[in-house]
Structures are given as C-alpha cells and as structure tokens.
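In the two complexes that follow, chain A is the common piece, with chain B as its partner first and chain C second.
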Partner chain A sequence: MTETAKPDIQARYRQISLVDRIRTHPAGPVAVVFVVMLVLCTLYALANPTSFYFLTKGNTSLVLRAIPNFGIVALGVGLLMIAGEFDLSVGSVYVAAPFGMAFAYANGVPLAWAILFAYSIAICVGLVNAFLTLKFNIPSFIVTLGMLFIVRTSAPYLAGHTRSLVIKLPPDFKAALTKNLWGFMPAQFLWFIGLAIVAYLILNRHFLGNHFYAAGGDKRAARFAGINVAWTKTIAFVLCAMFATTSGILQVARSSKAETNPQLFIELFAVAVCVMGGLSLFGGRGAVIGIVLGAAVLQLIQDVIILARLPGFYLDMFVGIAIVLGVVMNAAVQKRY
Partner chain B sequence: MISHARRVLASSSIVLAAFSVQVSAQEMEEVKVTFIQHCCSGATFFLPMQFGAEEAARIFDVDLTYVNADGDAARHSNLIQTAIAEGQHAVIPTITVPDALDDAVQQAVDAGLIVIAQNIDDPDGGDGNARHAFVGQDFIASGQIIGRKMVETHGLGEGDHCLLPVEFPELTYAIERAQGVQIALDEAGVTSEVVGTGTVDAEATTIIAQSLIANPNISCAIGLGTTPTTTIPDAAAEVGRDGLPNGGFDTNPKIMENILAGITTGTMDQQPFWQGFLPVMFAAYEHRYGLRMVDFDTGNNLIDAENGQKALDWGGTYR
Partner chain C sequence: MNDSQLSVDASARASTAEIPIFEARRISKSYGHVEALIDTNFEVRRGEVVGLLGDNGAGKSTLIKILSGVVQPDSGEFFREGRSVDISTRKKSEEDGGIQTIYQDIALVKSMSIMRNIFAGREPTNALGFMRVKEMRSTAMEILDEYVRIAGITSPNILVEELSGGQAQAVAIARAVHFKRDILLLDEPTSALSVRETEKVLNIMRELADAGVSCVFVTHNLYHAFRVCDRFSILAHGQNVRDCKKSETSLNELTDIIMTH
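Showing the complex of A and B:
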C-alpha cells in the first residue's frame, strides 16, 4: 500500500504551483517578507547611496554578525516549540552557562574543559526543565519561567559576587568564532548556518525529527504510534539549552566579557523569531528555514529603522509593531491553508 | 536639586552614625525594615546595594526584609502594603514610575512608617510623592558632570553630534540623565540623539554600531546606562570608529578596564552601596532617636583613569 501511494503523492505535489507551495509552506510568508524587504532596501540604497548605507560592507558585516545572536537561540527554541513545549529559561542559560565557562577558564581550567562545563550547565538545566514539566505535567511555560529566575539569580551568588569577567580567550579560538572572512562575512554567521543545517538534518533526515513533529502535533497519537514522548521532549529541552549556550559563547568571544547580568527579553525575542518564521505556538508545525529567515527579518527591520534615521527613542516600538504584523500575517496564512 | 546644606547635613549624620556604632546592643530597639529592590533579580548592579543594606542592618541591628518587585509597579505597591500589614517600622521603595506608588506610599506614611525612596525618585521629588527622603543619584546633576567632562576632555563644540544610547529611553533615569548631559552639551553647542539599546549586550553593540553607520557625523557617544557604556567601544571598533570619544554611567569590570586603558573617558558612579546602606541607617536612627532623614545624592562620583583602580578592586561588594 505504502509503495503504491508514495509515487502518487509525489506526482500530486509536483502539480501544485510554486505560489501555492510558498503559500502553504510554514516559512512561506516570512520568505516573501524577507525577499520584498531585501529588494526594497537594495533599491532605496542604490537611489540614496549617500544617506542610506544599507549596501556598505560595514553594514552587511554588522547585520550578518547580529543575526546569529537571536538566531541560534531561536533554533533551539524552535525545535522545542515543534515538540510542543516552551523554554523561557534560555535567556538565563545564554548568560549563565558561558559565564560558567569564563569563570572556570579564568580560574585555570583548560578551555576545552571550561566549554564542557558550560554545556554541562545547559544539559542540567534542560534535564531539570524536562523532568519538572513532564513528570508533574506542569506547563513548560511556568516551569521554565521559574527556572529563568533561578538560574539568573543563582549565577552571581555561586560565582562569589563576581559581577562580570573580562577574559582573554586564546586568539585561535576567538578567531574561529568571530573572525571576519573576506572582509564582510563574520564567522558567527557561518556557525549559525552550520547549526541551522544540523537542526535541519535532525528535523528532516533523522527519526528524531518525526518524533518532534508527532509529539508536538498530537501527543496521544504519537504515543499510540509507539513514540516515547517524554524522552523525545527531554532531548528537545536539552538541545534548546545547548543552542542557547552556543549563542552565549559566541557573544562572550565577540565581547571578551562574560556577565551574570540578565539579558532581558532574549527568550521572548527567540519565540518571536520562531513565530515570525511560521512555527506554530501549539507545536507540530514549522521549518528550520523559517527560523533562519525570521531571525534575518527581525534584524533587517532593526537595521532599516536605524539606517533610515527613524527616532531611536522609539526603536522597540517599531520592532514590536513589525513582530505583531509578522505574527498576524502568519496566523492569517495558517488559518487559510 | 539637592541643596548643599542637605548634603552637609547628610554627611554629618554619617559621621554621627559611625560614632554611634559603639552604643551597646542592649540600648538598641530592634527596627524592622522592608527594602524593595525594584527589578532585575540577579543584575550585578544591585549586588552592592543589597550588600550595603545587609551591612547596615548588621551594624545597626536592623531586622531587614530584602524583597524584589521584579519590575512590576503593582507588585511593588503590594509589597509596600505588605510591609504596612506586617507592622514594619520602615519601608524603602523605589519610585520607578511616577504616580504608580503614590497611594501605597501615602498609606505607609499615614500608618506611621518611615518611607525612604532609593535609586529612583519621583520626577517632582518630595512634592510628587509622600516619601520622607530619597537616597540616590541626582540624574540631571550627574549628567551635567559627565557631559562637561566629555566636552572639556575632547574639545567638543559647535558642529559636533553625540549619540546617547540607553537601555530604556522612556524610563525616568534615562530621561533625566539625557537632560543633564544635554544641558552640558548645549553650553558647548553640541547636538545629540537618543537611541534605545535594551539590555542584551550583543544587541546593544549592534544597535550602537548601526547608529554610527547611519550617521557618520556622530563625533562622541555617552552611554546613559551600564549596557551602552560597556558596549560603545566594541561597537565603534566593529565599524572602524576606534577612538570615538565615549563615556557614560555606572561601573563594571569592562567599563573600568576601558577607562584604565584610556579607551573610555569616564563614568558616573551612582554608588549603589550607599543606596542600600544609607536608607537602612537613616530608618534605624529616625526610629530610635528621631533624627531627621535627609535627601542624599550618591551619584556625583566621576570615575576616570586616575581613580578607577579601587572601583575595579571592590566590584560586587562596595563598588
């Protein structure tokens, strides 16, 4: 039965027009927005080269350097959202785990072990989030909100009131994470693309991806299909925390500084990127390309607002409006198809 | 504006307090104080503040309850009312949002509690809120100090334009610091623009760098809060604007390192330790001896390369 149905489905899919494929793909709307924005900005920059510096090498490099910051966190948050859960503690893990790395390294621990220590923190937080959420059947939104505060507050105290650390990372390590290649391509962006490919392979070329979609789409049906939902979601929680840690380490390498200060709203921006990218808040729907484009669009919006010299005082308001519009558009498309 | 006389009076009370430490514990009636940190659990800025409050509580035999309003004015108001209900002798809130805490503070005053605001005050000071005293930075005065320092050090004048990045441009601290800086810049004919950065370092770096690309005429940058003051040098370097004159507010190891290296001109330290220590001490002495509390400006301490090392050495406790 399966063998005969498969070619039939593929043939029917080929008959669908490109426009309809874009419309029905989770990342379709954000892809359209991205292309339209890019074209408009390019045309405007060509018309106003001395006042709108969009096409300069400096701006291109800056935007490509900025996208991975929320983008990598959003990759992890997106995997977890597809599996049907949220993690608001990523903002604290993004700070605390790299701070653990910096603290260990500053106290003489070899860098490789210090990095392992950072990921150990992330794995522990992910496991605790998963355990509390799944064992006691509590909404992950609440559990991870609590974890956000626990991790945020405990970090400076565990570090003995150390406020922040200025660290000198080995030059090769720093260069591998942050070097500007060919004058405009920051290494961070290549790491982001590499991690996006990993996330894509997990979701689309590994059985785990099917399990994520199934656990997030219909938990009961997934169980009937023999999927260990708790184990699947636990892996998603751990991956989510590890992606946040990776983004945090890239930021520490960029600034040569590790902080215990909370980086407010990074977890909410990550969720916003995912929703703009077409991921469903209810789980079971989404694509990695949507997350990548969502992060790019969010950064482009901010870049355009500043380059266009709109009042910087209201920057957050403009970004907020753009997020709401993006989400409304996605919701409208999802409702229609 | 806090008068000179009040500052002298406040200084005198500190000296008096230092001598009074010798009074035996038996003579001290226990004073119950609720201290409300207005937001940001885990934020390193507040570590010296809590450290100061706890040190004062230890020295002056105060039963201290240190709580956090998590940036929520309604929760802040509830915490004040809880302090009233629990029969505390004093409550130490932060007037982050004008008018939002007026009723709660009035209720506390009516119930006989000592109310000392810390860190942020009502824009109208004692006329805008029933609190008895305020211990914190005079944002406008400190803005003028760093503004003048930048003008004098870098010879800024007519035609220069300063970027004023700040985490939350709509909050009182940002508005008043910007006002103070602009007063100093106006004296030299320098113009300015404010940009919101948020508190995420990476984002702040990007936003400041984008602003520098957008306006190549920006000739100086003054961060109005910790995050932008920390990230301005990195942002400038990323867009090839190394050496951009910069300064700002608050301290952390990176800011101090930049100051000591001559990359950042100076920073206004609002001394959060005093903002924790002094209100607790004032409350204890008012309750026991009826000593009148005073407004106290903790924030006129300009740190530059000459006096920066101690701020670095004592970061996280006293600094």
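Showing the complex of A and C:
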C-alpha cells in the first residue's frame, strides 16, 4: 500500500470532468435552480431598485438569518436520510431541548451545564428513536411521528405547564451566536456554514459517512461488507437530534425566549429541503451542498413573495409547488440510471 | 499489495499441495425433515479453481451458506491448512477461515462509488476516524489496475450502478482479493452476465488461481465450469457423488453425473 499510485496508473484513471460531475451530482438540479433564481432576482432588483429591495443590506440579513433556522435542522435530517431513516421528531426536539436549557438556566444552572442538558435531551430522544425503529423493525417515519407528539407535550408538562420562558443570556454568548456582522451577515449563518462543513466532513472524510451511505444505500450489502448497520443508524439518529437542538438554541439565543409552542412544520420543511437538495427518500444518495442550496432556494422563494408583496397565503402554495417540482426534477435526473 | 501472498513460488506450492488450504469434513445439516447435507466433504487446494456443481436442491446453497458463516451445520469440522477452525459467523469465516464470499446481488452498494465500496467497513482512518482519502484513492486505482483491467472503468469515483454486471462483479472480486483472503467463494458469478462479460470473469478467476488465490466457483453452467475449473466437486441430494480433476473427466461425463443423480 503506497502513499501515491504509480504515475502511469494515475494517468490511466482520469478525473471525471467538471461538466460530468455537475451532471451526475445529486445536487446538480438544485444548484442550477439556485443560480437561476439568484441571477433573476439580482437583475430584477437592479432594474427596479425602488420597488424590489432584494439587494439591500436589510433584506440580505433577513434571508441569511432565516436560512439557518430550518437549514441546520435539515442538515441533521439529511445525514439521517442518507443513512436510510427519517426523523420527524426533530420538530419537537428543536423546541424541547432548548426549552430544557432555558429552564435549567432560569433555575440557576450554569449556562454550560444547561447547554449540556439540552444536548443530553437530544441524545436521549435520538437513542429512543433508534431503539424503537431498529429493535422492532418499524418504519422510522412512524416511530418519530409518535415521538414528535410525545416530546412536544413533555416539555411544558415537566416544566409545570409553562408555555414560554424569558431568560437573560450572557451578552457575549448571545453575540457569539446571533450578532449581525457588517450589517448583513448574521452570525447564525456563519454557524450554519460551519455546521454544513462539519456535516460534509462526516459524510465525505469520516468512516461514519461511508457507513451512512452504505447502510442507507443497501442494508444487506453493507452488512455483508462487515458494517454494523444498527449501530451506524443509531449514531445518525443521535446526530440528527443534536443538529435540531443546535438550531433551537440559536433561536432561543436570538429571541431570549424559549417557547414550548412548536414552530409549525419545521420537521417537514427540513425533509422538503433535503428532497429538493437531491437526497433520496430511500437513502444512500445525496450531498451536503444540496441541503445548503435547498435551504437557500426555499428561503429565496419566501423572500421573493414577501418583497413582491404577494398575499401571505401564496407563501405556502409556492413552497409546496417548489417542493413537488424539486422532487419531480430530481426523479427525472436520477432516472438516467 | 503483498506479493508473497499472491505469487506463491512453485516449490512452495508443491510442498503445500498435500494439505488442502481449506477443508470441510463430514458436514451435515437438516431443515426439519429435509436433509440438506449428509456427511458432505469439501476441500480447496491452493491456487486452484474448484467447481461446486449440482442441480437445484443438491445442497450447494446450504454448503455455501455454511462456508460463509451464515448458517451453522448440525455436525462437521473445518480445517484451514490442517488446523481446526471455527467459521460460525461471517467475520470468523473471513478472518479465521480465509474465505471471502461474493454473492451476486449484494456484493456492492450500488448507489456508492467504487472507491467507497472497496473500503466499506474497512476504511483506513487516522486516530479520530477520519479516512485517509488520498491513500484510499491511490489504493483503489491500484486495485482496479492490478486485478480488474476491465475497459470502461475510468475512475474509482464512478458509482457502481453505472457499471455493467461484469464490471461490478470484477470490482467485487478485486476488493475481495485485495483484502487478502485465501479463498474466493463465488456464488453464480456469471448467471446474469453477457457472453463477453462472462468470459472476462472466467479469465479473472483463472488468473487469480494462477497467482495463488483459490476460487470456489458455484454454478449451474457446466460449460463455464469446464472452461475454468481444475477440479470438480459434484453434489446430489446433499451428498458427494463425485470429486475429480479436469483431466480425469469430460464435459459429457459431468453432465451425465448430474443428470443421473
């Protein structure tokens, strides 16, 4: 086993060309859609600077602050989806784990321990999801749907029927997570990019990623290659819940308020982002860049509707259309095989 | 790649030829009232291709499952180079028995690249678990170059689903060989392949055997078996009915044996 192959071998195995890579990349379609939308919005904004405020610092900051909210949840959901499972309970973990943090902090627990408490809630939910799904061989869709409801109501119950908690976080902590830099770059977005890089490193540089793709792509073949599929998926479930918790903590840091009222449909938004981004619902396929671009496209659509002053109820409709179109497009692209 | 593992020199081969590299003795297995194997013996010598032949229901599948550690026999013993071994799990079959089984459909994950497949479950990593991607890439290229040499594989980053059946089979074989098993157990490797691809896979088996890696070729197709095997082991109704060298038999005789039992 040598460090670099002999040059004549290297020469025989060419790199796949850039065009081919984009064409065959799972995030190819969403990348094209993203670039087209961005160009169109920019051109329209340049043509109508007084009515379409797309290029203003304020709007950029708004968009970049909104993306991480469901984008970070989607990163976790995406990792798990590649490993071949779903998690709908992220919608509740997103709320309950940060609520746990706020509750602990409000009751005098040091912040670091309160954060640790939030992540231990996430890890527990992830382990329960994994255990029920893998032990009893139930579709994770159903297991985590149940957990979505259970976790959602457990937080206010345990906290004595509190509906929301206002907390005063240390200013440094709040700034590190949510400060708006240079007027248009919220720190949340940088955290999102950082976490996307972490997800990328897990999937493409860590052996766990290889196991995720194998377990999600073909469970039996993975098992035959000596991969412990149950263990692999358990780790993916836990990571997924931890990503959701991170997003929730950012949200609490931003508003200084932890609520037990769920943000509606964030778990479904996360799934939608992943599917638009080219991840397969059946597992084993997809890339982190697709999740990032999927989240960006979803938020761009919402932004355009707001900037164009269309009635609010169009928002869900357009998002729905975008999701369906995204899936159809990806299916059409993948059909080549 | 460890050359000594593959190219055993002639004198070493002659001296070890007497002790089979792997031997299964008096294997029995019943499923309820059905006796799938009855005191069946099977052996593999270094550097040979053995054809495991027999009609449907002869006990071939049961024997393969036992050899690959998926099914436990009711009785029987296994020996690797004369020493008793336990092959009761897949891991033990691979590591202690030295057997690498290549099943037709589940050898590779189709949605993954060749490189990811080659290292699935045995990624070279640093202490933190991060893969040595550069090393993986160059090793993958060497593996493809050394054992496969099948036209059309231009990069280790190609997804397996883009390969033809023969190419995928070749990659699965190359992976198995690279991880240094003594014996490849190939279950119907040619049944889904075109004529041309079949030819290639048969050639790969032959080359591997000549380089010292023994192959067990399980097949229905007597023509394929006769083209490549050094020895034949024929099962019928769970029992050994014939074990002979190629030079001692003919295609017609093999056909007769299988037909008349």
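Just a few scattered comments:
Keep in mind that, in the parts below, the second predicted complex is superposed on the first by the 316 of 337 C-alpha atoms of A that agree within 3 Å, B and C clash if a C-alpha of one lies under 4 Å from a C-alpha of the other, contacts with A are read in each partner's own complex, and residues count from 1 in each chain.
Rule of thumb we're sticking to: a residue touches a chain if its C-beta (ideal position, glycine included) is under 8 Å from a C-beta of that chain, and two chains touch if they have at least 3 such contacts.
All of these numbers come straight from a predicted model, not from anything done at the bench.
In the superposition on chain A, no contact is made by A:G146 with either chain B or chain C.
Of the two partner chains, chain C is the only one that A:L201 touches; chain B does not reach it. When the two complexes are overlaid on their common chain A, residue A:N59 makes contact with chain B while staying clear of chain C.
Of the two partner chains, chain C is the only one touched by A:R285; chain B is not. By the touch criterion defined above, A:I306 reaches chain B but does not reach chain C. In the three-chain superposition model, chain A touches chain B and chain C at no common residue.
The touching residues of chain A, when paired with chain B in their complex, are 53, 56, 58-59, 61-62, 65-66, 69-70, 92, 149, 152-156, 161-166, 251, 254-255, 257, 259-266, 299, 302-303, 306-309, 312-316.
Taken in their complex, chain C has these residues touching chain A: 1, 90-91, 94, 103, 106-112, 116-117, 119-123, 125, 129-131, 133-135, 137-139, 141-142, 144-145, 153-159, 161-162. Chain contact summary for the complex, chain A toward chain C: residues 1-6, 9-10, 12-16, 24, 201, 204-208, 210-211, 213-214, 216-218, 220-222, 224-227, 280, 284-285, 337.
Partner chain A is touched in their complex by these residues of chain B: 40-45, 47, 51, 165, 169-170, 193-196, 198-203, 205-207, 209-211, 213-215, 226-227, 230-231, 234, 238-240, 252-254, 257, 315-317.
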